[in-house]
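Below are structures written as structure tokens.
Same chain, two partners: subunit A is paired with subunit B first, then with subunit C.
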Partner chain A sequence: MATIVVIPGSSVTGTVPIKVIPAGLSSSVGIILTTDSAGNTIAYQSAQKAFTSTAAVQNVAVPVTVPAAGGLFYVWVNVMLSGISIGAFAQGNTLMAQDVEVGEVIWS
Partner chain B sequence: MKGKNVAKAAGIVAGLGGLALILLSRKAGAAPPPEPPPEGMAKLYGRVTDSSTGQGIAGVRVTTTGAITETDSSGDYATIDIPPGSWGVRFEKDGYETKELTVSIEEGNNELNMQLVSTAAPPGVANFMVSIINLPSEANMWGCAFQDPTTGEYYQPTNRPIMGSHLFGASESAELSSPVSSGILSISAFSQASAMEVTQIVNYQINMSVTNNGSYVFDFSTGKIV
Partner chain C sequence: MANLVAGANQTAAVPVKVIPSGLPCGAQVFLTLDAAGANVKAQSVIFSFVSTGSLQLVAVPLVAPAAGTYYVFVAIYINGIDVGVWASGTVVVIATAVEITNITVNPTSLTSARGEYETSLGLGFWGDPFTISITYYNPFDFEIWARPDFAFGRLTGEPLEYVDGVLQGFNAEELLYFRLLFNTEYIQGDYSHPTAWQQPWDPRGQNIGSNMQFVYDPDGVPRPQTGDERWIKIPAGGSVTMVKEAHLSDSLSVNANQCVLCGEIITGSVEAHYASNHPGVAITCWTWEGMSGCYFDDGSGSAVTTVRIPAPGIAGPHDLCVVANEALYFAYDPGCGQLRLGTGWVTLNWRLEELPLVAVAVQNQINIT
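Entry: the complex of A and B
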């Protein structure tokens, strides 16, 4: 499972490859971040990004704001077709939101 | 002591998760005190009201010390004469959450008003179930949503966890809850090769009115509710 390192509170884009058949369906995907692998605790949920299906793989870019609290987040993709929720599916990567600031060393 | 007492509730034991609202003071529209019990005895009385409407509820069974009394058309009740002490009291009526508590009753009249929470859905809310027959052979899953035609809002089945697939197998039923009883049922059959590769085999949009606690069967071979 790949871990992507991001800055807490930053704006990033998650690109979702999805194939919906047939073409012409009103569809949307969103990204959910959870703090546990089972998806019990949602830390962030993006707006659904709408698209019209083409019956081929489409890369849908979803704006995501990384939780300012930082930490390790599990990634889920929420899929809807024709108003029907297909499900929120676990992805194979995680987000590690971390930021380190090192100050000047104080000597004594 | 012959004056009016206020029963002291010691605890709420039963119920379906709602909070019992116990009114421990007399107010306008409260139950009139009954005839005082004989010296050395006690009596419990009060009014039972609907928590949302504030109206008295008739026919609530009030059980204490094994004796049952029922509220009248105003929601008022008065128990038989009972010895002072700590007693369990139970309020129950179909369509309401049962409330059970222990009260400390003193000699004389003791007032205990009670609000019961209705178990019926609020007005305008429809909880209903959809199942299907004749799922197309090329499909392995189905899903549905109920759309409010005024707002365009879709209401999804409630009997699936937030995470994971929200689709159903042929023998499964979807439970929905909608704030409107007339709307558009969007129902589709799907073939899902993987989480991110979905084929919609067929989709139907059905204008329909539903009743609370209604159950509906959709036939994919005809595109109609059976």
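Entry: the complex of A and C
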């Protein structure tokens, strides 16, 4: 489990390795970011990215916009099959959205 | 570009924006000689703050280094982790005074013991010897002449600074020994005395430190100040060290009674000590014209011996303060005056100018047992 540092407000891609059996199902995945580990407070939810299952592991790239306010986010993968939500799967990694800007020092 | 003053306490207000808000952060300011940030000449402590998620000014205290131009860098920490270093312009540090760059006392562990020597007037006394070396740096592009003084004592906790020419923040103690002796095998006369400040520029010439010399202007004209006081000459942009062999005062210890039976130092009444610690042992004490003693009634001798112990308040660490008094330089001013030399007069082309007083203190520099 790791904390991945990203820039608040930036666009990143979350690549989800997913295996759906059987092959040929109309499927989609989305990424949800929550501010609590239980997943109750959703800070961001991506659009669902459609794909067709192959019954093998396939990598699905999901565009994510990091919340501009920053903070620590827990990552969930929302899976839908044939338009029906199967569940939100917790990910081991967390996202730390932080940014630092430093201007010119004022001396006195 | 900002100007800082060498050796002064400065504040760097760092404009910083850390997202998200509520994070425990730290800011540290560095001054380096090179644009790559490798040659660090001054750095602040890591100053803690909590991020607000928007632009905030974090005031970081920093002591300015020696005169020069420096690159400014700011390191930001989040949750104790260094998240990066940002270049933040340049700054010029200017000099306003001579700088004291090194002070060494050897040894730093001294005793209150009293040594003695013979003079034509009787016995003379002095305390432990030590050597002090003080290095002065001249940040200007002209020569400076200064008078070094030093004293042991106590920092008061107030800022060490001159107010109307009077040094604040340091209380000098009379811990030093001024020795002015005719330096012959059998000492003729003795003008020594305890003192608070050692003045190694003494006009009578027997108490001077190394590298002390008479003052001449750039034309070679002697410019006496008072009597034949000596000064330390600090070359432009260079350093010079004054070394002085000195002594502690001869009066840092006092006589005390020590019980011959138990060895305890008796600070109060000897009779009371024997009554409470050695009941049944009969003693008699006497005084006569400033002298005193106690003996056993059974005729077996003295009940106490006289030993020397540190005077009250002497044992323990003492701070050291070093100053550069009346730092002078010569400003070119043709025909600014005349000086009588021998039977003639010379025209002066250099006017004496004075720099601000400088004082530096080192905490717990010596320990007296």
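Following the convention adopted for this analysis, the second predicted complex is superposed on the first by the 108 of 108 C-alpha atoms of A that agree within 3 Å, B and C clash if a C-alpha of one lies under 4 Å from a C-alpha of the other, contacts with A are read in each partner's own complex, and residues count from 1 in each chain.
The rule is short, and it goes like this: a contact is a pair of C-beta atoms (placed from the backbone, for glycine too) under 8 Å apart; a residue touches a chain by one contact, two chains touch by 3 or more.
Computed from a predicted structure; not experimentally measured.
With subunit A as the common reference, the superposed partners subunit B and subunit C fit together side by side.
Of the two partner chains, neither subunit B nor subunit C is touched by A:G92.
Between subunit B and subunit C, an angle of 120 degrees opens at the CA centre of subunit A in the superposed model, to the nearest 10. By the touch criterion defined above, A:I106 lies against subunit C but remains apart from subunit B after alignment on the C-alpha atoms of chain A.
Set against each other, subunit B and subunit C touch different numbers of residues in subunit A, with B touching more. By the touch criterion stated above, A:A38 is placed in contact with subunit B alone, subunit C being left untouched.
In the superposition on chain A, A:G71 makes contact with subunit C only, while subunit B stays out of contact range. In the overlay built on the shared chain, the residue A:V20 is in contact with subunit B alone; subunit C does not reach it.
With chain A fitted onto itself, subunit B and subunit C come no nearer than 25 Å, counting C-alpha atoms only. On subunit A, the patch touched by subunit B and the patch touched by subunit C do not overlap at any residue. Subunit B contributes residues 143-145, 147, 154, 156-157, 160-167, 186-188, 190, 192, 195-200, 203 to its touches with subunit A in the complex.
On the subunit C side of its complex with subunit A, the touching residues are 2, 4, 10-21, 23, 29, 53, 55, 57, 72, 74, 76, 78, 83-84, 86, 88-89, 91. If you check the complex, the residues on subunit A that touch subunit C are 8, 68-71, 97-108. The residues of subunit A lying in touch with subunit B in their complex are 16-22, 25, 32, 34, 38-40, 42, 76-77, 79, 81-90.
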